Structures are given as C-alpha cells and as structure tokens.
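Next come two complexes built around chain A: one with chain B, the other with chain C.
Up next, the complex of A and B:
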C-alpha cells in the first residue's frame, strides 16, 4: 500500500504540469508525423505496398506506437537516482522502512500511466493480440510484462553509475539515440540487412520494435517465445549488474549534503 | 559593442576549456544525432532512388544544411538563451540593465557555445563536399550562404520569442524546446507534407522554407521564397525586440 502512494504521487506529478505534458505530447506528435509522411512518400515512390512485411497503414500505426513506447520506457530513474546521490538525500531514503528499488519501480510506473493506458487501449481495441486465442494472448501479456520489468531493471542498473560519475546528463542523449536507432524508433529494424537481424533482440528493440510488432500482430507464437527468452536473459544480466554494483557503490557513497 | 562581444567570447572559451569533458561529449552527441539522420536517410533511399524529385545527394544537402543552421544557432546563441530564462525567473537582470549597452543584444550574445562549433565545422566540411558534387553557380552559392544566415536569424528569433515569454509564463519549460522540434520536423523535403502543412510552414511560420530554400539554391533551383523568409525573419526579430521591451516593464528584480 505504501508503494501505491508513490505511484499516485508520480501520476499526479505527471499531470500537475499539464502545459508541459501537452507540449511534450505535441512535439512527440510532430516527430511522429514527420516520420509518417516520409515513410508514406517512400512507399509511394518505391511503388511497393509492403516494406519488410509492413504495409503503409501498418507503418503509420508502427510509428505512433513505437513513439508511445519511447515515452513509456524513459530513462528518468537514472537522473532521479543521480540527484539523490549528489545531494546526499539517498541516506534519507535508505533509512526509511522501504525498498528503494520497489519504490522507484512504482514511481516509474506511475509517471508512465497516461501512456500505458494509451498503449493498453490500443492493444485491447485495435490489435489482434487478444483475438488469437488464450495461449497467444497470455504469451503476449507475459512478453509485455517481462519487457517492462527488464527495461526498468536495466535503467536502474545503469543509474548506479551515479555512485562514481558526478554528471550523468550525457546519458540522456545517448539513451535517446539508442532508442532511436536500436529501438526501432527511427525505422523498423526489419528493414536492415539480414546480416544484422540479431539486433532485434537488444533490450531497446525488445521494448520498442518487438512490442510494436506484437501489437500489430506481426509476431508468431515462436517469435514471442524467443523475444520473451531474450527479455529474461537481459533481466538476469540487469539483476547481476545491480547486485554487483550496488554493494560497491554504497561503500563508495559518502552521503555529502545529508 | 564589438569589444564587449570579444570579452564575452573569451569568457565562453575559458568556460569551455574548464569543462573539457563536457565539451567533447556535447560535440560527440551532436555528431551522433547527425549520424542518425544520415543513416535514416540512407534507409529511406534504399527503397527508392528519388522522393518528390529529391535524390539521396539532394536529401543529404537538405539535412546537412538544416544541421548547419541548427549548429550555427547553437554556437552563437543557445548558451545565452539557456542562461536567460534563469536570469529572468530569478530576477537577476539588474546588472545588465544598469550597463550602458543594449540589454537585448547583450543577453542574446552573452555566451557562445564552443562545443557546437566542432559539429558546425564538421557539418560545414561535409556540406562543402556535397556542394562540390552539386556544382551550384557562384550566384546560387552566394544566395545559399545568405539563405543559411537568414535561417540562423529565423531560429534565433523563434527561440528569443519563446525564452522571453519567461517574463509572463513560469514553469512551462517545454515551450523552449518547441523551436528545436519545429526545425527538426522542417529538415525534410517540403513536398512530403500535405498541402495545408506545406502552406503553413512555407508562408506563415516559414520553418520549412528556411531549410528547403538554401538546399534548393545548393542544387541550382533558385526560388523567390528567399525574399519571403527574409521578410518574415525581419518581422520576427522586430516582434522579439518589442516583446523584450514589454517584458522588461513586467520584470521584477530579486535584489
């Protein structure tokens, strides 16, 4: 219950600055429109009705959904944790009767609720995911949940570099660039040559490209299983990094300012 | 005024040398996003040789020119604009208002961002190579340069208008990112957009014209739209100047 309050607060924080939220959505919409018009022009001038198995109307949905996912899978926990370490306020968090990581997860979840609702509604109403039988629906749901947890853990693991780095802002453009290129936000990774097809199983692609293709009903049950397997592997990697670096980081933490 | 600007540039250089790692990282990230634009363009043109009459080289010319405009703005004004919002909100303009200088230009030119100079030079060299392949006439080359300078002034005016809104609006930080997003969206051939969007961003807020016009001069397709962008940019600069003076009347000192 105590974590639920964190979740509510995070949601309220997102909604409190409505002007900023709306402008943020507007700028995202502009970027999506640019990509949509450019891809429609590519379809038009190439004379193809299918690029990498994606039709023009599906490409429009792809670009909208992958950009919503980019909003859901934010890197915000990194900057929040960095601020706690630099100000020394981490000490206050540590003496509270809470688990910081669980609280951080609910904060992460709460901030993304408006976007998660959009993704959930699109999946439930537009996507064929839940009309292909119970097994397919449950497998899809499992992939979504594991990918969400995996990405949060990965971002949390990266955030621990704040114990050693004074400034972590350079990670913001790097992670944005990674999501653009490796997450399939700039273009679906399926358009790349088959020699680099293994790229679709990187964590950014699982969160962006694969979840979008899932919503479009483009993944077979076998592909869902493979993607889930990779999501589990990345989860284990993130957990291992977390376990290793937390102990070392907390020993080097000086609590300045607390 | 030139002496003051020289001092401000020297101070900026000293700051840049103090934060060397930040400088290197900023330059790297600028290059990174330009690289993503190139790769994305490469993906588009791997399916078709031309889009609305633009081939890959024309497209490269367009996005590189758009990046040059963006980096030139960042080099000359972005650091000053980032600083200005804080100065207005915290009521710290007094020191500059007391000085016998024009406060509008003093704050607009308060700092230059040297890391952006690295990416500006890099994209400038690449554009030089592209133009060498496109063979614009001397006149078109000169008009290309004029169009780029007008583009930088246009981006500056848009940002100046947004930043100065801090005199009236507090906390709407996303507003400051709007011109950047608009210019990113405008780094595409105008013809990909529906007619209504084209008309809006070629004539009313000519962000598409600002990027497309120099690119057209680059591949020897001169356009009278340049005169319109000069006119609108002049108008926006005048609006930003009036807005600044009105804003100063609204300003409350914290000293």
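Up next, the complex of A and C:
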C-alpha cells in the first residue's frame, strides 16, 4: 500500500505541472514528425518502396511507437538520484523504513502513467499483439513487464554512480544518444548490416526497437522468447551491479548540506 | 538503573575532502593532482542518553552536531567505536523495526513533496509507518491544531511560508509517535510566538509519552527552553556534558557585573569603573554586596554569565591542528 501511495503521489506530481506535461508531449510529437518527414524524404529520393523490408507506412508507425516508448522508458531516475545525493536529501529517504528501490520503481511507474494512458493504452488496443491467441498475448505481456523492470533496474544501477560523481548531467546526452542509436529511436536497427545484428539485444533496443516490433506484430513467438531471455540476463546484470555498488556507495555517502 | 536509550562509546567519524587553488592554474593542477585531506568530524565522542531525556547538542557551524545526529540515525556509519540505540540496535543497519521507532527532522532536508499539499506526504508516511487510519486522523488533527497549521494541510508545499513548512516537517517527524525524536535546528524561520508554542508542545510530548528528544540549535533560547542536559561539541570533540547552569558556572570567568543606572554616579564608589554616563562595571570577585545604591540601578548583567556569552567564548577557540 505504501508503494501504491508513492505511485499516486508521483502521478499527482506529474499532473501538478499541466503546462510542462503538455509541452513535453508536444515537443515529443514535433520530434516524431521531424523523424517521419526525414524518413519519408529518404524513401522518396531513393525511389525505393521498402528499406530493409520496412515500407513507408510501417516506418511511420514504427517511429511513433518507438518515441512513445522513449517517453515511458525514461532515464529520469538517474538525475533524480543524483540530485538526492548532491543535495544530501537522500538522508530523508534513508531514515524511512522503506526499500528505496521499490519506492523508486513505483515513483518511476507513477510518473509514466500519463504517457502509458495517453499513448500506451491506445497503442495496446490497436496493436495485433492481443489478437493472436492467449499464448502469444501472455508471452508479449511478459516481455513487456520484464523489459520494463529490466530497464528501470539498469537505469537505477547507472544512477548509483552519483555516489562518486558530483554531477551526472554529462550522462544525459549520452543516454539520449544511446536510445536514439542503440534503442532504434532514430531508425529501426533492422536497417543495420547483419554483422551487427546482435545489437538488437542490447537493453536500449529491447526497450525501444524490440517492443516496438512486438506492438506492431512483427515478432514471432521464438523471437519473443529470445528477447525475454536477454531481458532476464540484463536484469540479472543490473541486480548484480546494484548489489555491489549500493553498499559501497552508502558507505561513501556523506549527507552533505547539514 | 535502566540502560540508556542511546549509547555512544569512543566514536570517531571522518570524511575525505579536497582543496583546490583558485583560478585557471588551480583548476588545471586539480585536474591531475587532487589534494585530498581527511577531516575528523567526530573524535572520540562518548555520550549516553536516558529514556525521556531532552538533550541539547551545542556547537558552532561545522562542529559536528549534525554529524553526530547522522551517526545516531544511521545515515552515516561510525569509523570506530560504537553507536547503539534501544540497547542493541546499530543504526547504520537501518532495520525497519529500528527506523519505525525514531523520528528525524533535519532542518535543511525536506520530507515534504514540493508540488503536493502536506497531506499527501503525511498520507504516504501513514502507509510507510503502518499507522491505523483513525489513529492517524486524530493524531494529525491534534498536531496541526497545536502547531496552528490546520488550514494549510491542503495547500501545495511550494506555496507555504518557511515557518509553516518547518511546522509540517516537525509533524512529519512526529506522525508515527517515535520513541526518540531527533531535531536539527527545529525553529529556523519560526516567529517568536510559534517558537514558544513549539517549546510548550515538545515539553508536553516529553512529559506525557516520555519521548526522548535530541536537539541541535544555534538558537540558545531553544536549548534553554527545552534541554534538561546539554552536550557541547567543538571541533568534533565533546567538551562538556551537563546542565546549562553547570555549563555557565564552569566556564564563567571573573565575575564582572555590567550595571546600568538612571543617572551618573557621583562620587564614583570604589571597585566601580565607569564605562559611560550611566554604564558601570564592577569586579565582584572580592565583594559581598553591590557598592551602588539599588534605587538607582536599572539593570545588572553578569558579563560572560549568559549561555550565549559562554558559547561565543568556547566556539571562538581555534581548532587543534590535525
């Protein structure tokens, strides 16, 4: 229940700044439009009706969905945790009888709810995922849930570098670039040469490229199983990093600023 | 005799910091050769607090008061020595059962969600501390009434005044009725009447439910009004542990009395030194009575006889070289 209240408060905080929320949605929409126009121009000038097996209309849908996912899979916990350490406000968290990571997860989820509702639900309803039988639907849902948890844990593991780095803002453009390039936000990773096809199982791609293909009905059950396996591997890696670094970090924490 | 509720034995805590020369050359040098140094924030401090006591921690800025509170609340680990609460709890382990029994208010750190009304944070705390709803409602009504912030329960925190925020921080620390309450600068930004209200309220809590209170403050009024015992921390070391009057009598030096009269004294009595027309100083070391007619005295103060004066003297002493 306490974590559900955390989730509620995170949602209320997001809704408190209605202007910011709308602006965020608007700027994302503009970014998506720019990417769409760019790709339509590529199709037009190349004179090809498909690139790497993807047709123009499929590319449009791909770009919309992958950008929605980029909103949901945000790297914000890194900067939030960094702010807690830098300001010493982590002390307030440490004196509460709660598990910081579980609370942080529900906060992460709560902040994403408007995007999940506005875009995610709509996409989910029109996606063919849930019209291909129970087994396919459940496998897809499992992949989505594991990927969501995996991405949160990975971002949280990265956030622990805040114990040693005073400023983590240089990570922001790096993470954006990683999601753009490795996550398939700028282009589907399927257009890359087959020699680097293994890139589709990096955590950013699982959250962006693979989930987009799933929602577009482009993944077979076998591919879903492989993606789920990789998501589990990355989850274990993230958990190991968390376990190793949290104890060290908390010992080096000084609770600055009185 | 009951075991102390807080027991700190020969505890040290130090942290690493670094220094940097100013300017471009300093930044360049710092890039490759960072000058690190270890600061001993707490040195060989031992302290015992009994259940139901109100202890005031006094010290200048950077003396180590807040660090001591962080050690007691488990935010920081002790380097050496031991810190135990409730007989056998090691605070740094942060066991939920231990955290459930302490309440902490850190002046510069907020528990309140900035964009939401205080009630939302308090409801979250209700769930975190597993407080039954009816108990939460009645206790919250009591706290907000006592601190005169009931109308502000539904106002977003960012719209509250500093004083109102501090009061809600105090409510957050008290909402689960902790056995030990740690207060770091609890009256910053609070007006005089609210301060008095808080003093009365905390004394009442201490009396009614035997809540142990550990308090740090730069405002000696807080300490004088609340603390039954004080510990003075200077440069990380405990230099005094006792009552406020004990502190004054220990550190008050030559008894110089500063006297203000209603007019000039003529002739000037012996042992009396004139400062200006109506201000006089009397060295009372060898006197048994005042050498001035009491009918002309407006006020008498003993120099170096107030807590403020004693602390000013103590805190101005230089830190020992490390």
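Everything that follows uses one rule, which is that the second predicted complex is superposed on the first by the 251 of 258 C-alpha atoms of A that agree within 3 Å, B and C clash if a C-alpha of one lies under 4 Å from a C-alpha of the other, contacts with A are read in each partner's own complex, and residues count from 1 in each chain.
As a convention for this text, a residue touches a chain if its C-beta (ideal position, glycine included) is under 8 Å from a C-beta of that chain, and two chains touch if they have at least 3 such contacts.
Just so we're clear, the structure is a prediction, and the values are computed from it rather than from any experiment.
Asks: Once the structures are superposed on A, label A:2 by its partner contacts, choosing first (chain B), second (chain C), both or neither.
Replies: The second partner, chain C, only.
Asks: Identify the partner contact of A:51: answer first if only chain B is touched, second if only chain C is, both if each is, neither if none is.
Replies: A:51 sits against chain B, while chain C stays out of touch.
Asks: Scan A:17 for contacts with chain B and chain C and give back first, second, both or neither.
Replies: both
Asks: For chain A, which side has the bigger count of touched residues, chain B or chain C?
Replies: For chain A, the partner with the higher number of touched residues is B.
Asks: Find the residues of chain A that appear in the contact set with chain B and again in the contact set with chain C.
Replies: Comparing the two interfaces on chain A, one with chain B and one with chain C, the shared residues are 17.
Asks: Which residues, counting only chain C, touch chain A once they are in their complex?
Replies: Chain C reaches chain A through residues 15, 66, 70, 73-77, 94, 96-97, 99-100, 102, 104, 106-111, 113, 115-116, 120-121, 123-125, 127-129, 156, 184-185.
Asks: Considering the complex alone, what residue numbers of chain A touch chain B?
Replies: My answer: residues 17, 19-20, 23-24, 26-27, 30-31, 33-34, 37-42, 45-48, 51, 167, 170, 173-174, 177, 180-181, 186-187, 191-192.
Asks: For chain B, which residues count as touching chain A in their complex?
Replies: My answer: residues 22, 25, 29, 32-33, 36, 39-40, 43-44, 46-48, 50-52, 171-175, 177-178, 181-182, 184-185, 188-189, 191-194.
Asks: Name, in rising order, each residue of chain A that touches chain C in their complex.
Replies: 1-2, 4-6, 9, 12-13, 16-17, 87-89, 91-92, 94-98, 251, 253-255, 257-258
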